[in-house]
Each structure stands twice: as C-alpha cells, then as structure tokens.
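Chain naming follows the written order as A, B, C and D, and within any one chain the residues start at number 1.
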Amino acid sequence: MTAAVDKAAPVAANRERARSLAMLAAIWGVLALAPFWMPYLGGYTALGTRVLVLGLGAMAVNFLLGFTGVLSFGHAAWFGLGAYGCGLFLKFIAHSTPLSIVAGTLLGGVMGAILGALIVRRRGVYFAMVTIAFGQVFYYIAFQWSSLTGGDDGLRGFQRAPLDLGFTTVDILYNSTAFYYFVLICFAAAAAVMGFILRSPFGRTMLAIRENERRARFLGIPIELHIWIVFTLSCFFMAFAGSLYALVNNFADPLGLHYSQSGNFVIMAVLGGMRKFWGPLLGAAVFVVLQDYVSSLTVNWQFFIGLLFVVVVLFFPRGLLGFFQQRVQS
Amino acid sequence: MTLLRVENASKKFGDLVAVDGVSMTVEPGELRAVIGPNGAGKTTFFNLISGFLTPSSGRIVFDGEDVTKLLPARRVWRGMARTFQITEVFPELTARENLRIAVEVASGYRLKTWLSRDADGEVRARVVDLLDMSGLVDKADRLVGELAHGDQRATEIMMALALRPRLLLLDEPTAGMGDKETYDITQLIRKLHKNQNLTIVLIEHDMRVVFHLADRIMVLAEGAMLAEGTPQEIAANEAVQTAYLGKAA
Amino acid sequence: MNQPKPPTIGRRTVLKAAAAAGVAQVAAPFVISARAAETLKIGMINPFTGVYAAVSNNELIGAKFAVEQMNAKGGILGRKVELLTEDSANDVGTGVQKARKLIDRDKVTFITADVNSAIAQAVAQVTNEKKVLHIVPGGHTDPITGTDCHWNVFRVCNTTAMEANSVAPVLFKKYGKKWYFITPDYAFGHTLEAAAKKDLAKMGGTVVGNALTPLGTTDFSAYLIQARAAKPDVLLVLPQGGDMINCMKQIAQFGINKTIHVAGLQQEEESLIAMPPASRVGTWMFEWYWKQPGVPHVAEFVADIRKRSGGHVPTARTWFGYTALWSFKLVTDKAKTLDAVKLAKALGGLELPPQIKLQPNKVYYAAGDHQLRTSSFVGEAVANPKGDPEDLFHIDTVIPGDKTSPPDTETGCKLTWPA
Amino acid sequence: MTQLILFNVTNGLIIGAFYVLMAIGLSLILNLSNVINFAHGGFLVVGGYLAYTLEPYLGFWGALLASPFLTAILGLAIERVLIRPLYGRDPLYSLLLTFGLAFMFEDGTRFIWGAQGKPFTVPDFMAQSLSTEFFFLTGYRLFMVAMVAVTVTLLFLLLRFTRAGIRIRAGTLDLDTVSALGVNVRGLRSLNFGVGIFLAGLSGVLAGGQLGLEPTMGAGLLMPSFIAIIVGGVGSLIGTLVGGLLIGVASGLTAVLLPSASEAVIYVLMAVVLLIRPRGLFGEEGMLT
C-alpha cells in the first residue's frame, strides 16, 4: 500500500511541479517584458513600476494577513517610514541608491518590530484597531515634524542616484525602463525571500497559526513569538517596498502613512486572493490600473473604488485567483 | 518514577469552584481514564494539567519538575501533548501537511531540516509512518476539513503523537461518533498504548470505551474526586454508582 | 464526433469575436488618446476630490472656457486644443504619477498643475525632467517662483510674499501694531506668516503671539482662547479653505471680532460663500474679483462664465485657470514654435492683453522668476450683500503686482536653462 | 495662566462631549456586532447634509429631529443588505466593506451636494456668546453639550431598563448564550446598528451647526472616536464616555502648552494607556483580545 502511494505520488507531484513552474515562468515573463507590451495596451512604464512596488506592499501585508491570519490595518505606516527613511538618507546622508534602500528598510522594519512587541497579544478587530491607531501616530509625526519631513508638503529635494556597478553606471533617474528593471530585480529578491520563508517549516507554522491558533499552541508553537516574528518580517518587506516607492516618486509624503493607504493594501491583497502567493500582485495590478483608468474618466472615481471594495467583499471574498480556481475545479 | 503528579489542584471562577482540591498520580505506561457527570470539572481539570488554565491553588508536577506556572507551549516541549473535546485541526490543509507541521515542530524546526535533503527525507518518512499507523494513507492529500469526523479526530491524535509525547492527554476522543468510528478510535488508542507503551490520560463519556481501555479510573463529581481505582473497583463502588453510573444509564 | 465539422460559424467563434470586440472597446479610450496626433493636448492636474475640490473645479471652469475661446479662434498654431484633466486627489504621489501619465502616454504639450503647492512643486520636478512647459495656476508658496524655480515653470497666482505686502501696510495704518497670528502648520502657512512678520517688523510693529494649527483643524476654540488672552490689535487668520471657514465661524460666535480687528492675507470667494453671514468680517486681499465697474471685458467674462457654471460668478480661481490656458496660446502665437525652451524664453516678460488680464493694471510674467505680476484687491468682507448674493467683497484699493512683489532679482530664483 | 488652563479644560470637555456622541455609536456597533464601522463618518456627513436639505422646510428643530431618523433608516437598509451577510465571517470583510462605503458616502455627498462647503445656520439666539468673560461658551456649544448629555443618559437608561437594552448589553458580553436563550440575534443587531447610526446622524447635525458642512468632514472626526474607544477600553460604553472626554481635555490642554501637538497628543495618550493598561481604562479582561 505504501509502495503504491509512493509510486503514484511522484507522478501527481511532478505534474503539480510542472504546472507551478509554468505558472512561475509565465509570471516572470510577463513582468520582464512589461516595458515592451504595456505601451500597446495604453500603459506606460511608470505605471508598471508602480504596480510592482504597491504589489510588493500588498504581498507584505498578505504575508501577515493571508498566511498567518493576522489583520494589520496600519501597515501603510511601515511603508511610509521606509519611504521617509530612504528619502532622508538620500537627502542628508549619502547619495547612494542601494544604501538608501537599506536605510529605509531598517527604519520601517525596526519601528515595526518595536511596535509589534507591544500589540502582539491583541487579536481580531482589536488588533486591527490598535494597528490603525499606531499607524496614525507615525502619520502625525511625519505630518507635524515639518523641519525634518517637510510636513504636509512632503519630503522633496532628493533624487535616486545612478547605480554604480563598478564596471559601469546605470542611469536609473532619467531612463525609466532601466529603473523599471532595477525595481523588478528588487521585487524579485524580496519575493524570493518571502517564498523561501513560506516554504520553510517556519512558514508552515504560520499556516498552523492561521488555521487554528489553539491547536498550534498545543503543538508547542510559541504563538506570540511567531506572530511577532512574522509581523516584523512583514514590516521589513513593507518598508522595503516603501523605500522603492520613495525612489519611484523622488518624494515621500505623509499620505503614504495614512490608514486609507493601509486599506488600499489590504483590498489589493483580498482582491487578488489572499490565500495565494501571487494574489496580491494581481490585486495590485487590477487596483492600480483601474484607479488610474477610472480617475481619468470621472471625477467621481472614489465612488467606484468604494464600490470595488463592496463588490470584492460580497462577491469575491476569496479574490480573483480563488474565484478562477473554483471555476476551473467545478 | 511517577510521570505526572497533581497535588491538591483547585480552580475557581469567581464564586464558582470548578475543580476543588483534586490530586492524582500517573505512572509511566499507565492508561488513566477520568470520568464524571456533566459539569463535574473534567475538562477544567485537563486544562490545568495542559496549561490552558493556571490553577488557583495546588501544584502540577511533570516528570519531577514543577510545571504549574509554565506556558502551554513549554509543557509541550517537556513531553505533554493533548487533543480537544471539539476536534482542533488545521482544516484548510491536507492531512499530510497537518502531520508534517507537527513533526517539524517536534524536531525543533531547525534550519537543518529546512536545508538538508536527508533531514527533509526523515520528516517525510515520519509523516508516512504516522499516516500508516492511523490508516489515513489514502486520504493523506485531502483537506482535513473535508474528511469524516472520525478521520479528523484520528488526524488530531496523530498530530499529538507526532510530538513524541511522554504523556498524551485525550479529551473525549470518541465524542460525537458512531459505533464504527468509536471502535476504530478505541483500537487506535489501544494500539498506541500497547505497542508504544505510551502513558495516556483520557476523559471519556462512553463507559464501554473506558472499561475496555483503562488501567485505572478516577471519578470526578462537582469538582472533587469521588473515587479512584481499577475498573473493577470503580464498577463495584456504591458511591460512584449512585452519583454517576446510575444516572448515566 | 468523427464527422467533419460543417463550415458554419460556431457559437464559440461568435463568443470569441464578441470577447475581442469587448476588449477592443475597453481598450478604446487608450488607443484613441494615443492616436489623435492632430489635436494639441494640454494636461490639467488638480485635486478635484478632497478639501480643495471646490477651488479646483472653478479653475477647471475657467480653463475650459479658455479652450473654447481658443478653438473658436483656430486653436494653437492651427491645431485644435484638447484639455485632459487628471485628479491628483490632493496627494503628491498621485499627482506625480498623473504628470508622468499625461506626458508619457497622452503626449501632452503643456501642463498646468496644481492648487496644492506641494503637488505643484513635485510635478514641476517631473515637467522639468521631461522639458514640458508648466504653468502653476493656483499654488501659492514662494519657492515655486523663488528658491525652487525652474526654467519651464511659470505661475499665475500671487506668492505669499505678494499677499502679505499688499495687506500689511493697510492693517498697520488703520488698526494698530500688535498682531497675533493663527497660522496653519504647513509650508504655505509658514511662508505667509514669515512674510507678514517681515513687513510688520519693517513698519515697527510687534508680534504678540502665534498659534500653529494643524491642517484639518475643525475646532479652533483652544487657539482663540489663547489669542484673546494675548490682547492684540489685529488677529491675522491665515488658514485657508475649510480650516478658515471653521475658524471664522468660531470667531463670530465668540464675538472676538467685536474687540479685536480680524484680518487675513488671502481670502477667496469660495470660502466666503460657505460661511454664514455673521462670519464674513475683516480685512483681506482677493487675487481677482468679478465686480470691477469700468474695467474693460470683465462684465462679458462674468456673463460668459455664468452661462457655464450654473449661474455662479467667476472667482479668482476661475480667472487663474482661464489665464493659465490663455498664456499657452499667447506665447505660441508670439514664438511660433512648440519648443519648450524657446517658449519659456518668450513667455518671460510677456504682457497679458486686456481681454485676458481683466483688471486695470499692467500684468506680465517677470522674466527673472517667471512669476505673474498681477494686482491685489484689498478690501473688506461683506456680511449681507445688497445686490447680487455673491457680491461678498468690497474693494478698497487695487495694488499693481509691481508694488507688491519684490523685483525678480530678489526673489531667490536662479534660472538654469538646459544646454 | 490659571484662567487659561481653566478655560481650556472647560473647552476640552465641550469638544470631548462631541467625540463621545460619535464614539458611543461606533462603540455600540463594535461591541455587539464586532464590526469596525469605518463608514460612521460617512453617516455623520449624510446626517448633516440631510438636515441642511430639510432645514428650509422643517426649520432647525424639525431638521434636528428628522435627519437622525432618516440617517438611521439608511443605516438599517445598509445593514440589512450589505452587512448582515458578513456576520460570522472574518471581521476583515465587514471592515473592508465599511471602508469602501466611507469612500462612496464621501463621493456621493460631493456628487449630490457639491464640493463647495455649505453653511448650516442655527437659530440666532444660540449663535452668540453668553458672557464676555467666558466668551467661548456660546449658546450653541452649550446646547450641544446638553444634547449629548441627554442623549447619552437616555441611551444608558434604555440599555439598563428596557428588554432590548438588557439583551444588547448581555449580547455584548456573550452573544452565544443570548442566542441560545432564544433571542433573535439578527433583529437585535439591526436595532443596535440603527441606534448607532442614529447617533452618527445626530452628531452630523450638531457638527454641521458648529462647523458647517463639507463632504470630507466625516473622515477627520472618525479617528478621535477610535482613540476614545481604545483609551476607554473596548466593550465598555462608560469607558468610551470617559475616553472621549479625556482626549478632549488632553488636546485642549496641549493647545496651551504646545499648540502644534494638540492633535498628536491623543495618540500619545492612547499609546500610554495601551502600555500601562492594554485593555483600556474600563476594558474587561479578555474582551475581544
């Protein structure tokens, strides 16, 4: 009996593996060729860059929400802190793009780690509320500390520096295609790390906590510690995305930390499918393109974005990927 | 040497005394049943042992160490595993993944099992062993939430077992099951107890199961211990009969 | 199943065709806007949603009217003008994104943006990078045509310094030398306050205190308690929009204007309309006003706008939008090219004709800092208008832009032109 | 200086009273239905604008009475159609739904009534200062405080002495048990939601009289209400009451000492409370944690 299973399993597993490899190849192919096909559909490279960065943010939110079952509604704070960290570094410390990203990621991630330790015992809506409120603390700091952050006017006066690769320098400031590929490489690195963690035993304990916290606790998993670790990791990813966002705009502003921005990240994750690794990226693509498109058509685009939230909640609670999967299966 | 010793444990919720000065010792290799009418405090007593609740007074000693104040996860690391009255599994994962998580946690989810192919193979092999033992092999790749109640319960027991516990706490393992499922689960528990010489404490409602499995039985009523002894002694105990068996029948 | 299929059109094919047609339809707006090369496109980015929505809409009404007039006169260099609008949602990131969209995808020739100074500055960075001529219709902070000026960026509305310089002397002469400031806590407020303080110091007055209020403050009572305790001669209310309305409402409710003279630097028709009559008090400056008896073309302009705005009069914002758009045509008619650098050189020093400037004094873009030298209308808010219900301001003096603005050599602007 | 502080404490209480009215509605819904109602600010705006529209026909007092009821009816309809299907699902969904509704309300208001702010006039006798010394005590502000006091007292009496009220309180503590006793939980939640939205509508009318109306006014008032709930402790209406007053006074006092921090201070207050007493000042142990 065991032998039979062992023989059958590899076939099924191989097919599964082949399918996911094909899927991966498709995703990376589409992303890698984006600057070439997007103009034909009325897109533009800057839009693609924005999708990647916000998609990474949504994936970071989903790392916590979709895979651990913990809803943070204040994650924009870490995104925004990443942006400010990156911008302030470029403006005041050194003119280096990679180092500024490191600085932004550290700022957001470390603050997230500290805050996370305070709130990790809260659950459900209460956790969501506390994260909103703490997120707003950082919003107000960015808003009020005008001498450092530029306050409501935002932080300006920095630009991404050309990449010095030793043998050559790449102009990522004026060449938007080069910058797109730079962001794509950063995105790929973050996604790889995220995927690696999720496939690890630690990643499976995340699923365990999401599925059944009590069972997980009595398997001997220290729940609070694990949630804190996941929260912190998620904050680091978020801050990394935020740093890239500062480079996209050469700018950082308080609105990037506002809870409404957090809401956008969550809806991107849910819209794409929060049980799926690539769901949030799809969600971000749909959300960003839709917003870009509708807001050019009508001043009342906010109404339609609100409607999108309602429709997703009522009709696509498992997201687009979940919806398609269900259709395929039935 | 005694594996588990509960010393005069009590638990109060406000004015309500749920467990009132209960003591118990369990020797290695023993299968102990805890019975009692509804509201006798059996589950609360279990929660005190496993660390889900902390006693208002009294001590819990496990393998010579005072664990009264330890968090549940720490007790698990010391070799105590439990199941719940209402089955607690990971419904949206497959049976294989459920067991795999438990096996990995038991092996300390160290970087080694993550990176080395050999260690990974060991984990997989252990999962297959557990599946074999419980007869879940055919259903290994289905979502646990979609399995029959008895299979879910078997998965939960095997997850507890995957932790390689020295003490297994089972809270009403046959609750809500039909005859066939009850029989299967009883056989599984019996196998674990006999073949692996595992120490088990279980709460049970079904007297057939209790008298079939248990080495010794403890009876709780209204939070206090009413009697303790072998199945024969308990069957013969008049206080137990009036307080419990009589009513239950 | 083995029989060869008859060569009819299957359901599936029809569905496919329909789907393709559907896709084409959805994609159509993209394709059309990418294809139509014969029209000349001008992009307008403004916060059409959020707190500045009302003033943004008025700028749009003015801009649309300008486009209508231009097209009636043959467009720009013979090409029909098309106005594309984008909502910056009062968010700098969105504004920058929309600027790139307009330039990269829609290939606009000119950009006009934004009511929010911060967005205007951020968009200026993009237009400068892309070498697109950019006129700021209504963002006031000084650096846009001062320390942060660009060769391709021009501005219609006043700088905060010009606003301060127009009102300060009047207040000092008429009402006294002890001033208290209520200042919104962001760059616009800070520069406005600094400009007024500079003027006050020059005239020999004193600042008896100031309260920095966060943007979006709804309740000003705590600040007003502070202000009254300081016993100033003049209370300067510098917040704008909703903040100012709330502040003025509470000033009137508390009766503060009975003991202290209330004034401010910038006031707008849009804000006065939203206030109850009792709050319409104090001395202010308007950047343009619709009621200018005897000034040529103003009456026609007002009548034309009323037809396009549901009967409402044009505000200073309407004029900003109108003037910004017309400036593009005026300068291309003069330079006969679409080369941004040549146009920018030609726009510096350009004087607006009477039918565009709609005010008595000389109005021109200064060549050294690209700031429009336009008049200040100083006067009093009117609580209960006698004639037109929208006649909410009484003009005392109209001061030419040359008087309120420092010379373009002293605004801190150093234009660097592309090689 | 003492006078200044006295003034600001009084003034802070007045502002806090307003937060209380809004936060209590939010708190009712959160406690019984486990829904963070992001659209609460949206309902507030609708309440204000409805009163603005009704005032020419019904006068100030008529509008003050009618508008909250109409808002509550709108709230009930939305609860019935959109929110009810989400009970029992992950709270994430109701949160996202109300978040989207907040966008729709803001934009809908702008679409119907225009982006231009509207003045909402209150009767003349209330629009004046009552004393030249305590000039910040206008008739309208005192009226607002009185309205809040009456409404909140009434609400507490209803919750204590009516059958539905007792059930709502019991449901807040343990919904399963209430349900097992045969109480119609759906009806109870609808009623509770309606009451919460009624309070939002009333807040809207009162705020309109004080500040005038703008489509964006709801979002700005939502956050202080959140903080009031967290500071007071989730699950406790008394806590919300105290929390609201507390943040009013805190921001009033900060306005004296460090004006630019007067909004940020409420967040600092929240952080301190959460550090020292994570469940909030009046929160029950274990409640929603």
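Quick note on the criterion: a residue touches a chain if its C-beta (ideal position, glycine included) is under 8 Å from a C-beta of that chain, and two chains touch if they have at least 3 such contacts.
Worth saying up front: this structure is predicted, and the values here are computed from it rather than measured.
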In terms of CA centroid distance, which chain is the most far removed from chain C? B
Averaging C-alpha coordinates per chain, one finds the centres of chain B and chain C separated by a number of Å equal to 73
Rounded Å distance, chain A centre to chain B centre (Cα mean): 41
Centre-to-centre distance between chain C and chain A (centres being mean Cα positions), rounded to whole Å: 36
So, in whole Å, the Cα centroid of chain B is separated from that of chain D by 49
What are the residue numbers in chain A that touch two or more other chains? 144, 301-302
Where chain B touches two or more other chains at once, by residue number: none
Which chain D residues touch at least two other chains? 107, 110, 260, 263
Which of the chains are touching one another, listed as pairs? A-B, A-C, A-D, C-D
Touching chain A in the complex, chain D uses residues 30, 34-36, 38, 82, 85-86, 89-97, 99-108, 110-111, 219, 223, 226-227, 229-230, 234, 260-261, 263-264, 267-268, 270-271, 274-275, 278, 288-289
How about chain B: which of its residues touch chain A in the complex? 50, 52, 71-73, 76-77, 81-82, 84, 88-93, 97, 100-102, 104-106, 109, 113-114, 128, 132, 137, 140-141, 156, 159-160, 163
With touch defined as at the start, can you tell me which chain D residues reach chain C in the complex? 3-4, 7-8, 11-12, 14-15, 107, 110, 114-119, 121, 127-129, 132, 135-136, 138, 140-141, 207, 210-212, 214-217, 220-221, 251-252, 255-256, 259-260, 262-263
Residue ranges of chain A in contact with chain D within the complex: 65, 71, 73, 118-119, 121-126, 128-130, 132-134, 136-137, 140-141, 144, 259-260, 263, 266-267, 270, 300-303, 305-310, 312-314, 317
In the complex of these two chains, what residues of chain A are touching chain B? 1-2, 5, 12, 200-202, 204-205, 207-208, 211-212, 214-215, 217-223, 275
